[in-house]
Amino acid sequence: MKRQVPLALCFLFGVAMIYTQFSPHQYSEAVYNEVIKWGLIISPFALVLAVVTLIQTHTSRIRFRSEHWQYSFIVFIGMIVMVAVGLFFVPNWLLNLLPENVSTALADVQIGPQNPVFVWLYDNVQVPMDATMFSLLAFFIASAAFRAFRARAFEATLLLITAMFVMLGNIPVGDLVWNKVISWLPLPESWVLLEDGTSRMEDGASWLRQEILDVPNTAARRGIILGVSLGVISQSIRIILGIERSYLGGGD
Amino acid sequence: MEVFGLWVAAALTLCIYSFLYRDNPFYRFAEHLFVGISVGYGIVIAIHQGVIPLAWEPLSEAFGGLWIEIAGDVTPESRQALWGLFRIIPVCIGLLFFARLSPNYAWLIRYPIAILIGFGAGAAIPNVLQANIFKQTQGTVAPFVTIHTADPASWVGTVGAVLMVIGVIITISYFLISVEQRDSFKWLSIIGIGLGSWGFAFVIADSITNDGLTATEIVGSILMVLGLLGTGYYFVSSVEQRNTFKWLPIAGISLLIIGFIVIYGNTIWNGNLTPWEVFSAVLIVIGVFCTLTYFFFSVEHRGAIQWTSKIGIGFLMIGFGAAFGNTVMGRLALMIHRVGFLINDWLGSIVALFG
Amino acid sequence: MIYNKTNFCVLACLVLFLCGTYAFSQEPVAPSNVVAKDTPNDDGTSITVTWDTIPEESGIVSYTILRNTDAGEFKEIADKINPKEILDKKKPNLSKYKDTKIVKGKSHAYIVHAVYIDDAPMDSEEILTLIGFLRRLLRMFGYKSEMHIPSEQTAAVKATGQWFHTGKTPLFLAMLLFSSAIVWNIYHARSGREVFIRRIPGLEAVEEAIGRATEMGRSILYVLGLGGVDNVATIASMTILGQVARRTADYETSLRVPCNDPIVLNVVREMVKTSYLDVGRPDAYNEDDIFFLTTDQFAYAAGVDGMMIREKPAAVFLQGQFYAESLLMAETGNSIGAIQIAGTDSEHQLPFFIAACDYTLIGEELYAASAYLSKEPMLLGSLKGQDWGKLLIFAAIILGVSLEFFGINWITTLLRSVS
Amino acid sequence: MLERFMNMDRRIIFLLIALVVIIPTLIPVRLRITVSEPTQKLYDYIEALPSGSNIMLAFDYGPSSLAEPEPMAKAVMQHCFSKGINVIGMTLFPSTVTLADKLMKKIADENNAVYGEDYVFLGYRPGTLPVILGMGTNIANVFDKDYQDTPLSDIPLMANVKNYDQISLLLDLASSSTTETWIIYANTKYDLKIAAGVTAVIIAQMYPYLQTGQLVGMMPGYLGAAEYEKLLNAPGDGTVGLNTASFAHLLIIGLVILGNIAFFIQRRKEA
């Protein structure tokens, strides 16, 4: 019961998912859609685990007065307010009991994610913090570049030079500088100009950036993707066949 | 409310930016508030977009249908709704997550976990195989499809191609045999390489004779076959022998390339692709080959493999550099937007208030 | 004679009939070889009708399709079909129409109409004739005559669903082949034969990192990334964590693991506990050290960053699947001077780890590292199987490219048919 | 000295980055912008549309990456309103609905456009594929009502718009791979013309589609927005953003070069 049944369930659902992708028949399509819905129904419940463990972690912090335990209250406040607002609704029997003008006003308040208070919290608390956390990356990427981009070894130099060229190609200044330099250089006209009179060498910075992205970058990514995908498939096979069981955790 | 919201958002933005200086109570406040709010948001969305439409609504309809059935007024709709009763099963399985709360029955949560994992693994296999392996391999070969302008192969070419495919497969299967056993299977590699080279020769002969044989083509094809045989011989010779023949693979590969250029240089130069496009396509093939060699784990990286994987690292570094440089713009954009919010929207509103 | 629109129309119709044969300078053709078939490899909801493409030069404008149900009356189901849009991609001399609005369980027969319009140029002599003049007049008013040439009626067919998509046979075979390679290798590795794995730079640093944390009396922070428990990187990371935990249990170094996914949290607790049990130190295991932070990406990064600054761990492991938050954590870890060992298969985040961490396991190296450290036959065997897969990819690329130079495109056709 | 420069406190770099971003935001500086081909193509396409045509804007980005798509939306909508082209907005992202609605209203007010006549916002419906495919046959099947719950049949603008046939262009403002989905399903199947306005991180993915003509045009990140603004002769957020970003780029490049010079000098000293 503790090990065999989960392994069997895993096998069953895995094989069902594989088979239905090879079979266009309407019954297997129906099975496929139903399996997907099952997945969608089960996964939100996993949040139960999340919430329970979060509450446990923070109550124990408060109880043992660990460092900065006061902040745990803020976690609870944020969570409770958000849930209370988002799940707020007035049951019909209560609506019927209330005076008419109150009940119509209440019924007009949209429930769930459209609730104005919920939207306000989302717009003015969650989104700004999310966007600000994301934007911290601009600072970090600069300091990481300064520290890490030193021509210590051959590989580091390649990394550094490519990054510089791509950055120059991304801003208009890159092409401006390039075109200026080309116009200064004493190059023969037949090199610079095409037959129709346009410049062959214009906007070299953005051209170079594009070539780097298109050729060596594609090759390297492809190498990584191929290797990683083989790993993904082989692990999925191990999981379905019940060879890989680490997800069950230890114990019997 | 609008102005108040602006102030709240600005204050929280500044709280988080204060982390750049160092950890402080303002950042800690924002951090914990963020954790709480985001969990709360997750709960609300999961209930409203997952549980209610997928489980609650079909189930309540199904029970409604059941009620009608019991009352005896069967309609096609009520029959249809009864199917919703099946949703009880996933809901029950989902509820097993609550077993975590009891120390004795905590193992029950393995059921839903096993289902979710089997589901994910099953979905991954065909899709990853198709989208990542086949598509990426095809993408590497695809540019070469347009390179050829000559007529399709005759039977000579076809036989040659078959021999080449068989030869390559046999040679590869030789490499699958573990090192200790390789000596007794040496004949396999010789057959493989032999077949491959013969096939190669056939194919060249076919594609050349399509429009009559010229002297350069004969020279080129002899060079190519010699090069192939030389390189092949090096790889099947034993490790001790290899040291004396160190020059062989280099010479072999250069012969291959020279021969190739002698025959096809003209076609490629005047063909469907510009020389630059051919160069790019070849570079991608080399890059993929070398990078993938770097990810070869069951072979020691020595000799030729070491060099190949070194080039692979070079490609990886260029790729990483390009990704890094490209991301700078994206991240700066996020920051410029936040700074714009603080300066234009928030400070702007203060200025407007006083001015 | 009253000159109104009705009369004009009547006249126009008359003229049209009269000049029917004159109107079409090229001979209009009826669609030939019309065949209706159940669409292969579908769920039984469509029928495909094919016929020989009528060349553009014949002046064809569009097709109209008629259908009957269970030998009933023919009704129009589609009109004004542009002939260019329904050419078969592989064989342009075949036109193809897919009827997706069939009645389930009933049989259908089809008739295809080729539609022509009279707009052929007229020479000067023709204009002088009465009919030519009238046609000219009609055209000036925008009236164009349409002519439908029907095909023969097709045999009646019923649509059925297929249980196996034949177009996916190569994919299916490739899947079977690769699966058996993996299983065969795992079986071999389990039978006790040594499997060689090349040295992975960065893994030596694991010991060093743990040693340093012990000396300094500080903790080790292990971040598993954002992946769920079915993610390969996460599973590899958990395996590595199991090995790290054995060593921290030995040295009595505290190991802190903030989790992002509640299921991962649960599994990791079990795994670490087992590791501590295995080395005989169950007393040193503290369940609260492995805890849940939040599922939100940046809230999680904010939490981990805060922990790094406050607790100042001596070593930071960032192993698993990462998104944009990777750099937030790696840079903060760098700023507190911790030894950082990163590893991920998310290729977008690798540049940042390489820039900010001391050692980085690139892509598949992460999986190999878990096999290397744990020496588990299952992982070693499947790593070997993956290498076989790589050899096959090599073969496909080399053969595909070299055969393509000679104009033989089997490999490319095969690859394209699957992708 | 060298040593101190090379290991300088990261907070100095943070401060420099902040300054380089804040100063150009306060005092806009304008660099010359050359218009790249993909943006020019998009502009030309819209410029050639007759008055009264309809274009569709898909706001397919998450709230945390709105920095780049918003100026693009602004520039394109301004162009459309000035030419009398109607704009139909929608999104495939549930979290972007309120943002997109607000944004459209704001831009429309600036350009004196009237809701229901010059523009509408349809909102969000779950499921990416069913939405894209469903609108191909009939938009009202997917969006029976607009975001303000007005039935589509009551909106004057929508009276002449049944499906993709009446839509001259779909501009996908994207921060992930939604553009590819639009191309694969709406362009291939319904022949809907598609253009993209994407964030910097995914520009590289779009080039293959431009080459094949599956994309009519593209605005690459801030650069694209700035270029479009230049074509309209109405510098806005994109121009400011691009200029600001240029300074920050130059700062980073400069820092890296200085860091390397210091590194080489130090290594020579040690040797």
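Per-chain numbering from 1; labels A, B, C and D assigned in written order.
As a convention for this text, a residue touches a chain if its C-beta (ideal position, glycine included) is under 8 Å from a C-beta of that chain, and two chains touch if they have at least 3 such contacts.
Worth saying up front: this structure is predicted, and the values here are computed from it rather than measured.
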item: Distance-maximising chain from chain B - centres being C-alpha averages; value: D
item: Chain pair with the greatest number of C-beta contact pairs; value: A-B
item: Centre-of-Cα separation between chain D and chain B, whole angstrom; value: 27
item: Centre distance in Å when chain A and chain D are each reduced to the mean of their C-alpha atoms; value: 19
item: Length of the line joining the C-alpha centres of chain B and chain C, rounded to whole Å; value: 11
item: Approximate Å spacing (C-alpha centroids) for the pair chain C, chain D; value: 25
item: Residues within chain B bordering two or more other chains; value: 16, 19-20, 28, 30-31, 34-35, 38-39, 41-42, 49, 100, 109, 113, 116-117, 120-121, 125-126, 129, 133, 137, 140, 285, 288, 292, 295, 316, 320-321, 323-324, 326-329, 332, 334-335, 337
item: Multi-partner residues of chain D (at least 2 other chains); value: 10, 14, 17-18, 21, 64-66, 94, 200, 204, 223, 245, 248-249, 252
item: Shared-contact residues (touching 2 or more other chains) in chain A; value: 18, 22, 46-50, 52, 54, 68, 113, 122-123, 127, 129-131, 133-134, 136-139, 141-143, 145, 147, 149, 159-160, 164, 167, 170-171, 213-214, 217, 221, 224-228, 230, 232-233, 235, 237, 239, 247-249, 251
item: For the chain A and chain D complex, residues of the former touching the latter; value: 113, 119, 122-123, 127, 130-131, 134, 138-139, 142-143, 145-147, 149-152, 160, 164, 167-168, 170-173, 175-176, 203, 206, 210, 213-214, 217
item: Residues of chain C defined as touching chain A within the complex; value: 41-45, 161-165, 168, 171-172, 175, 178-179, 182-183, 186, 229-230, 232, 235, 238-239, 261-263, 265-267, 269-271, 273-274, 277, 288, 291-296, 298-299, 301-302, 310, 324, 327-328, 330-331, 334, 345, 347, 350-352, 354-356, 362-364, 367, 378, 382, 385-386, 389-390, 393
item: Complex contact set, residues of chain B against chain A; value: 1, 5-6, 8-10, 12-13, 16-17, 19-20, 28-51, 54-55, 86-87, 89-91, 93-95, 97-98, 100-101, 107, 109-129, 132-133, 136-137, 139-140, 280, 283-288, 290-292, 294-295, 312-329, 331-332, 334-335, 337-338, 341
item: For the chain D and chain A complex, residues of the former touching the latter; value: 10, 13-14, 16-18, 21, 31-34, 36, 63-66, 94, 98-99, 200, 204, 207, 223, 226, 242, 245-246, 248-253, 255-256, 259-260, 263-264
item: Contact footprint of chain B on chain D as seen in their complex; value: 11, 14, 17-18, 21-22, 25-26, 64-68, 70, 94, 126, 199-201, 203-204, 221-223, 237, 240-241, 244-245, 248-249, 252
